[in-house]
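Every chain is named by a letter (A, B, C and D) in the order it is written, and numbering of its residues begins at 1.
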Amino acid sequence: MTMMKAAVFVEPGRIELQDKPIPEVGPNDALLRITTTTICGTDIHILKGEYPVERGLTIGHEPVGIIEKLGSNVKGYQEGQRVIAGAICPSFTSYACQDGAPSQDGGACGCHGYKPMGGWRFGNTLDGTQAEYVLVPDAQANLAPVPDALSDEQVLMCPDIMSTGFAGAERANIKIGDIVVIFAQGPIGLCATAGAKLRGASCIIAVDGVDSRLEIARQMGADVTLNFKNVDVVDEILKLTGGRGVDAAIEALGTQLTFEQALRVLKPGGTLSSLGVYSQDLSIPLGAFHAGLGDHILVTSLCPGGKERMRRLLNVVASGRADFGALVTHHFALDDIEAAYDLFGHQRDGVLKVAIKP
Amino acid sequence: MTMMKAAVFVEPGRIELQDKPIPEVGPNDALLRITTTTICGTDIHILKGEYPVERGLTIGHEPVGIIEKLGSNVKGYQEGQRVIAGAICPSFTSYACQDGAPSQDGGACGCHGYKPMGGWRFGNTLDGTQAEYVLVPDAQANLAPVPDALSDEQVLMCPDIMSTGFAGAERANIKIGDIVVIFAQGPIGLCATAGAKLRGASCIIAVDGVDSRLEIARQMGADVTLNFKNVDVVDEILKLTGGRGVDAAIEALGTQLTFEQALRVLKPGGTLSSLGVYSQDLSIPLGAFHAGLGDHILVTSLCPGGKERMRRLLNVVASGRADFGALVTHHFALDDIEAAYDLFGHQRDGVLKVAIKP
Amino acid sequence: MTMMKAAVFVEPGRIELQDKPIPEVGPNDALLRITTTTICGTDIHILKGEYPVERGLTIGHEPVGIIEKLGSNVKGYQEGQRVIAGAICPSFTSYACQDGAPSQDGGACGCHGYKPMGGWRFGNTLDGTQAEYVLVPDAQANLAPVPDALSDEQVLMCPDIMSTGFAGAERANIKIGDIVVIFAQGPIGLCATAGAKLRGASCIIAVDGVDSRLEIARQMGADVTLNFKNVDVVDEILKLTGGRGVDAAIEALGTQLTFEQALRVLKPGGTLSSLGVYSQDLSIPLGAFHAGLGDHILVTSLCPGGKERMRRLLNVVASGRADFGALVTHHFALDDIEAAYDLFGHQRDGVLKVAIKP
Amino acid sequence: MTMMKAAVFVEPGRIELQDKPIPEVGPNDALLRITTTTICGTDIHILKGEYPVERGLTIGHEPVGIIEKLGSNVKGYQEGQRVIAGAICPSFTSYACQDGAPSQDGGACGCHGYKPMGGWRFGNTLDGTQAEYVLVPDAQANLAPVPDALSDEQVLMCPDIMSTGFAGAERANIKIGDIVVIFAQGPIGLCATAGAKLRGASCIIAVDGVDSRLEIARQMGADVTLNFKNVDVVDEILKLTGGRGVDAAIEALGTQLTFEQALRVLKPGGTLSSLGVYSQDLSIPLGAFHAGLGDHILVTSLCPGGKERMRRLLNVVASGRADFGALVTHHFALDDIEAAYDLFGHQRDGVLKVAIKP
């Protein structure tokens, strides 16, 4: 009973299920028995070797599970309780955390405390969630109890997808009555679409190249959907807004094209909220940027974590304000995770998100 | 070497120096050997029995000291290092802390995590700093190293007075070119005056009844000083602003009169930032409140804590942007703390703040 | 054709339909032929003499109408176009307007430009909308075209009720996942309830004493409704939030009781957003105020106006995000406005809002 | 007396003094007799044909003058009064103006009201200030009286340089205790340096290649100055901040290099505030951008205008909080403006700004 199965990064191109010891629990940790987890686009980057992690690391950063064991300093939880933790799992004690940037947490450094993306630890700098067990560091700050009425599938999007997508909307400075466009309607874009609705946008334009995703975008709150294979997206949006442009544009893919289109349809004074993970230098076109005089705001966001964030997202799900159950299109046992990677990595069969159950 | 001297609340009217055991250090704690501390107005309320604390509690919440011993989980510091900690010493892991209200920290409660003023622990719910040693809880989040070039006296105001006074200015929504008034120029009001200058107010009006304090207010940045014994403060401020009122009014005393005057001189759309600790129900006069239609903002603030806050305040001192050394008017040994209470409590001899040294 | 009918304040207790000249149109004005207007609670205060206006003034501040004549400097509109203007009709050129407080517009004063509630001109300092025609000052800044697809009744709430109620929610600092309570579910409270939903609150608690209003509150987005005749509202809300309190409380009535309850259920660090028009000094209870140390924000709001505000609210109606058609419970001809005042003033027959048509 | 002298754009490479009719005054206009104006870097772009304006247009956008004649609707001013107006002169009535973007004012369009940089009219779309007289449009919103105690030279920076530079600091989200770097110490960069100090930065790093400008930067508030000819700026700043990076970086030149350096020294979660006018597409380096996951904010700003803005800047000058008199290094008569262009355009003789007097 001291060993567990875990999906491990072996080398570029290979993630395999292996046996590993169940981790020891320190005073500020909690050990979760994973009941459901999932695969993220970032995991595919890891698999391909595009995002480097240590060989032998357990992958995955989206945990739903049962508290198996609590560290001696962790109070207010019970073993046996069902919880989630954010994909980003900051200490909340560092300078960065106290300075409004917990996702950029550099941890216990006496002087500086910043590290780009440092709050992301599961499946990045610590063993992750695609396993039978995961150790949650700084558990006091990161465990959020799941209401009994909600299924694992209903809350599976909270740790990353919802938190990221909503952040894209929250940081887009949306006001009641805004026109907002969201470029790309993958899982994160769909959550950004729902987030734009929750912040009061009265006209939401969703852009993608897959009609079935645009259909789901409508369920999430899109008023207008544009398939970039059928229309010139920039022209169409400028036409829809009478040439004025949108109040906010959310980029949810990570390419030069979508970034640039987002800027081209943005009103002077508007906000471009970028969620995508880019893989090359970005170019800002001079004209769309009004030579730097457009009073634009460009904001990037990494997924917010922490138990308060998770508590809020759980409330959104529990209240029925947003329902992302439809995003879970496929189920796999942990034993079959390699097949799940294959399906998800190739985006076959209309997959949006897969539920993985040990 | 296991006992220490500590100023203890015995009963209303009596704070005495007693012997107490030096505290045990848990994994997330740090033990400081106090080198300098001070007495706050709140301590006088405790002494008088107006603010209830447990009998036997060590009083005081403003520590400058040397790390004597670090808990096993506290990283990035060294024993022997000189540090400060905020008067407010939150866990930074609770829901309240992650929700933007660390001073209202309810601690390790699984569900709710809020407690009014709960971040204030030294000399309130835990043994305080008027002692030879103090135990800092959640030390990872609360210890801020002091640059060698700064004396204890120079940084003694950081833990409470500067943090509180600056918060009054920071939360007053001050913009460059604002007219700001600060009611009362005790230690906190003087720091609020300095804070208003740091935020860009171009006309700062300081109000008090003691000319020597108004003199210091000028050093802190006041452009105009009004002694309420000599002028009708409300009339004078309305005259100074051509009847328009001030952009922001900071209340730094905690009385009906100053609160009400702050509102009466506030422009429609302005912010009243209240720092005072009130001792009775407040009345909002209907006329000055424009019957609730004045687009007013009224904000209250408890002293912000945490190592990032302390780091910033230390930077302000180190840069020479503000200098509160002049506020330390008297020095006492810890052995003479009862005399210090007597002087400070009766506001004799022009006292502003006293330095207490074990 | 130079005379029109208008509802005129004659003396306390008497508003009468009288004949008046149709106003002359200056270069920055527009003359509207009113097609629909309504009566507001404020008009009842005027009728009773509780809010003083000049005798002979035409009452009413909520216009839907057709542009009859445009001033020579007003560009971009056509005579014959259907428009609305806000109840608050600022110049947008004064210091107050440029300083973020257009509703407190003091107009064309070279030096100061502030006047409490000065942006409210219709039926307050200028002839109002309960007439066949109304003159809109600073028309360039205030006329908002109504989309053809929307009926007068659908947009009748935009000029005041929606703008005010939404402002209560917008200024309450609501974040996704918040718990928000709205005290009183009259027309403004109902709009605040809808506004809280539009800003992303995931649990909305509506309080009133009339079950039929609570029923409409549910349609507007309330998750929980509390009839204060049946339950102790404060106890119930604290129970619902596990003792923590709500993130934001909106007061939409203007009484000591509701204001005080709003504060008593507010979490430390929370925002009390007040919309009510108070008629006496308010008392802030010391305990609920945490003696001034609760990091509370208290904000008051007067209805925002201007064509951009109206444009946004029209977009909300057009998108179907909120539907306030149900608030128009009764219709009257302008000739019968005295009967309408009688019904509305006595709150008979379940009246929420009346549509008045010349 | 109906003709005046004006500096006119003839063709690329030629700005000449010509005779033009003194403009007619419409009801919302004011005619100023210019007493002092200046040349801006933008004017040099116009001269060179890099920024296109109509041939025959009078250049210049920084007016200090005397009201010669007021339009019939302009209230609260007197003919003979000394005033300034902002370089950006918005109507304040358009949708863009009411939506928080007055500098992007599209004017009196019924539907949309946005135009990139549309608030800039003097010397761009209307005749400018390098003339004996200038017509101020929407004068009610744009004229700001100058206190008698201030000289023309003291207030000459308000219309553009101060307003722009301060905006760079205001929009950089500076908090008390921040470390801020400003790239380039020309007139705008120097004002941004002063602005960073006014917002509470406790460590200000100024970067330029000219030691005499760095010397002035110190007077404006810089704590550290770096000459990029002597040190590797990025390395040096990272060293100064212990590898953490700065809280905010202000770009005040408009080149790829300075933009990129600003990003490279920015902490995760920090703000890059860009003031420069760029002349080519910008590239965002992937690494410094943390692939879009750094929680960065990038904000651009066009000079804010309007009488309230000018009033605040005049207050800053009057209070002595900042003194930009030293920036006026040379004086010319309007008759000699071609020589002034020659000097300023070639940056000879240590010129910062020139005062031009008709």
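Rule of thumb we're sticking to: contacts are C-beta pairs under 8 Å (C-beta built on N, C-alpha and C of every residue); 3 or more make two chains touch, one makes a residue touch a chain.
All of these numbers come straight from a predicted model, not from anything done at the bench.
Engineer: Going by the touch criterion stated earlier, list every chain that contacts chain A and also contacts chain D.
Structural biologist: B, C
Engineer: Sharing more than half its contact pairs with A-D, counted by residue number, which one of B-D, A-C or B-C qualifies?
Structural biologist: Answer for the repeat of A-D: B-C.
Engineer: Just the number, please: Cα centre separation of chain B and chain C in whole Å.
Structural biologist: From the centre of chain B to the centre of chain C is 40 Å.
Engineer: Counting only residues that touch at least two other chains, what does the list for chain A look like?
Structural biologist: Those would be 99, 111, 113, 311.
Engineer: Give the list of chain B residues in touch with chain A in this complex.
Structural biologist: Result: residues 26-28, 73-77, 91-93, 95, 97-99, 102, 107-111, 113, 138, 140-141, 145, 306-309, 311 of chain B touch chain A.
Engineer: Where on chain A does chain D make contact in their complex?
Structural biologist: Chain A reaches chain D through residues 96, 99-101, 103-104, 111-117, 241-245, 254, 267-269, 274-286, 289-302.
Engineer: Taking the complex as given, what residues does chain A use to touch chain C?
Structural biologist: Result: residues 166, 170, 175-179, 195, 198-200, 202-203, 223, 311-313, 315-316, 318-319, 321 of chain A touch chain C.
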